[in-house]
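So, here come the structures, one by one.
First chain A sits with chain B, and in the next complex the same chain sits with chain C.
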Partner chain A sequence: MSTLKLDLENYKELLQEYIKTQDEQALYQAEQFSKQSMQQNISPEEIINVHIQSLQELYPEMPDYIQASMNFLLETMISYGLAYQEHQSLREKQLELKSEISVAANMQKTLLSTVKPDLEEVDIGALSVPAKQMNGDYHHFVQDGKGSLGIAVADVIGKGVPAALCMSMIKYSMDSYPEMRMDPSVILGSLNRVVERNVDASMFITMFYGLYNSNTHTFSYSSAGHEPGFYYYSDRDEFEEIDVPGLVLGVSSETSYTQYQKKVEKGDMIILLTDGVTECRQGDRFIEQEEILHVIKQYSHLPAQETVENVYKHFERLQDFHLRDDFTLIILKRNV
Partner chain B sequence: MNLTIDVTNKENIAYVVLSGEVDAFTAPKLKDALLPLTKEEGQTVEVDLQNVNYMDSTGLGVFISALKSTKEHNTDLKLVQMQERVYRLFKITGLTEIMNIDSTVQGGMQ
Partner chain C sequence: MDFQSCVNIKKEWDIVGARQLGRDIARKIGFGTVDQARIATAISELARNIYLYAGTGKVCFEALEDMNQKGIRILAIDSGPGIKELSQVMEDGFSTSGGLGAGLPGVKRLMDDFDITSEEGKGTEITVIKWLR
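On to the complex of A and B.
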């Protein structure tokens, strides 16, 4: 109470000075007063109360109607005072949530971390950048020690925290498959049943699963409704969309997935991505597929990791460094 | 960009006309309007997408949950007049195979 009393004196003096001089300086002080009041959680109606008291002390002869109008004003400000209090408590809660989400985001990073394998035969570049704090995109590498490399790229629909939680579930069911059962069609089929049973009706997951055999240089793959990637034929210097049919995970428990296979020649590239790449916008315009391929081509002479990083930087600049969606790009290039 | 939703009923068909963008921002509104319609047994819900020029995967999620709901409640869902860009999304995700989608697709209308 003591600070408020001090402020009352202060306010009275300021008011008196302003009424006499109409001086800018006094107005500036009033602004400071309001800032200070906010810091001390003083509500708007309390300030009006201070105003009324100051007026009464300065002008004891104040007409009744002014006094009455002031009381009226005081009453009308009460709701604002309540709203202000609520705002304060929401702000505290928001800070709390923010710190909890950043803890969760860190946990997600740890849970979902994957190590990009170092293979002699295949040069691998991988990059995944979340648009918000938590990433709804996901990629995972699995090696079987006999020259086979499994690559999963997925996008969980329903963004943010629920999506991230869902991704952890997927990762752990994927980790539990025995190594000999790494066939893409089998993996997608069984993940589909996991997702269908466990996830909310409006949430679904798109996933591309590929298996690279570095002994025979064959690439087997299946897709569950995932954004098509590209295959680059080095001899023809041509890109081709890897367009394979398949229903997204979690919609129908009876879905099965077809598996396809490609022979990979030296210099060929496999490009996997999420819709954060293909749905890049420049202003209101969506970028065209040719544009993406052109940019990839431009940097494809670099090691694969540098290629994906440069492609990302290109589209980040194009969108004024503001990602609308999580961005994941993976490139596999056969070396020898 | 916003989304407007117009619903009219004729016998046992609910016509839903959408206009605007269906994205993470407008999807909850669409879900609230669409899902109750799929729960009235015997009803067909026909969604006109002629004026939807953009849909993201969150929007797709709404139609997936609507489809699941039609199976539970013995109703029908039909999507008509889809624009090409939106149709591509349904095609990639394999939903054209399991949803009733009118095949007359609108070319790049703005």
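On to the complex of A and C.
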């Protein structure tokens, strides 16, 4: 209260000076006064009250109608004052929420972390970047110790916290499968039942599961409605879409998934992604599939990790460094 | 509690009556212009809640005075539908007034003490106090 009284003196002087000189200097000081008042959480009606008191002291002869009109003004400002205080408290709450989300995002990172395996036969590049703080994409590598590598790429329809919670469940279920049973069709079938039982009907998850056998160099895979990846034939220098049928996870517990197989030759590449890659936009225009393949091709002479990073940088720049959707890209290249 | 002065709230016009009586009492106690305006706004909010959600009820006033301080106590009482989620209506931004900064959190801000009890199907009782400084 004492600070406010001090301010009253200050305000009175400023007001007096302004009425006398009407110059910009006093107005500038009024601006400073208003900023200081906001720092001290002073409501607009209190400023008006200070104004009324200053006027009364400067002009004891002030006519009644001016006094009455000032009281009227003060009364109309009460609700603005309340709205201002509410705004302040909501702002604090927002900061709290923000920091809570960033803690959750960190936790998610730890929870969903996967180690990119180092294999002699296959060069692997993997990158996943969330559009917001929480990532609704997910990728995971599992090795069985006998030369087989399982790769999962998934996308929750939806973004942010709900998507992230959902992904944690998927990861937990996958961790509970024995490492020797990694047949893509079996894994998707089993995850489908988990999702169907545990996730709200309005939420869908797409997933691609692939198994690379580095002894026979075969790639087996199944898809649950996931964005098609690409296969690159080194001998023909051609890309082909890996588009296989399969219902998204969680629609019906009866769904089963067909498993496909491909022989991988030296120099061939398997490209797995989420729709954050294929739905990159330049202005209002979605980019064409050829553009993505062209960019991948352009960097494919580099080690796989550098390839995915350069592709990401390319599309990040194309979209003015503002991702609209979570972006996940994985490239496997047979070396020897 | 023995409240001497009450205003029954039945029609919108009664909100004005409650404001007037509350402001007169606050002025007599010695509240300044700003606090009078705040008290009147709190009364408005309480009376309007009764008018809008309970239909009828009353707002009562009491001047408080003990050795150390003076103040005003306001009681708003109705036998309307009651409030199910108290913590929700006390949350900023929830108020049905569309985030106009008022609602019950606004009343709480305008006053010094705030207490509410409500039972579904029975009614709501809100007591607020503002101390003279």
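Just a few scattered comments:
Methods note: the second predicted complex is superposed on the first by the 336 of 336 C-alpha atoms of A that agree within 3 Å, B and C clash if a C-alpha of one lies under 4 Å from a C-alpha of the other, contacts with A are read in each partner's own complex, and residues count from 1 in each chain.
Quick note on the criterion: a contact is a pair of C-beta atoms (placed from the backbone, for glycine too) under 8 Å apart; a residue touches a chain by one contact, two chains touch by 3 or more.
Since the structure is predicted, the reported quantities are computational estimates derived from the model, not experimental observations.
Of the two partner chains placed around the shared chain by superposition, neither chain B nor chain C is touched by A:Ser69.
By the touch criterion stated above, A:Glu46 is placed in contact with chain C alone, chain B being left untouched. Within the superposed three-chain model, A:Val251 lies in touch with chain B and out of touch with chain C [touch as defined at top]. Looking at the shared chain after the overlay, A:Asp275 reaches chain B, while chain C stays out of its contact range.
By the touch criterion defined above, A:Gln298 lies against neither chain B nor chain C after alignment on the C-alpha atoms of chain A. In the superposed model, A:Pro228 makes contact with chain B only, not with chain C. In the superposed pair of complexes, A:Ser89 makes contact with chain C only, with no contact to chain B. In the superposition on chain A, contact of A:Asp155 is made with chain B only, not with chain C. Annotation: chain A has no residue touching chain B in one complex and chain C in the other.
Those residues of chain C that touch chain A in the shared complex are 32-34, 37-38, 40-41, 92-93, 99-102, 105-106, 109-110, 133.
Residues of chain A touching chain C in their complex: 1, 45-46, 49, 52, 71, 74-75, 78-87, 89-90, 93. Of all the residues in chain B, the ones that touch chain A in their complex are 24, 31, 56-58, 60-62, 64-65, 67-69, 85, 92-95, 97-98.
Residues 155, 157-159, 200-204, 206, 224-228, 245-248, 251-252, 255, 275, 279, 286, 325 of chain A are the ones that touch chain B when the two sit in their complex.
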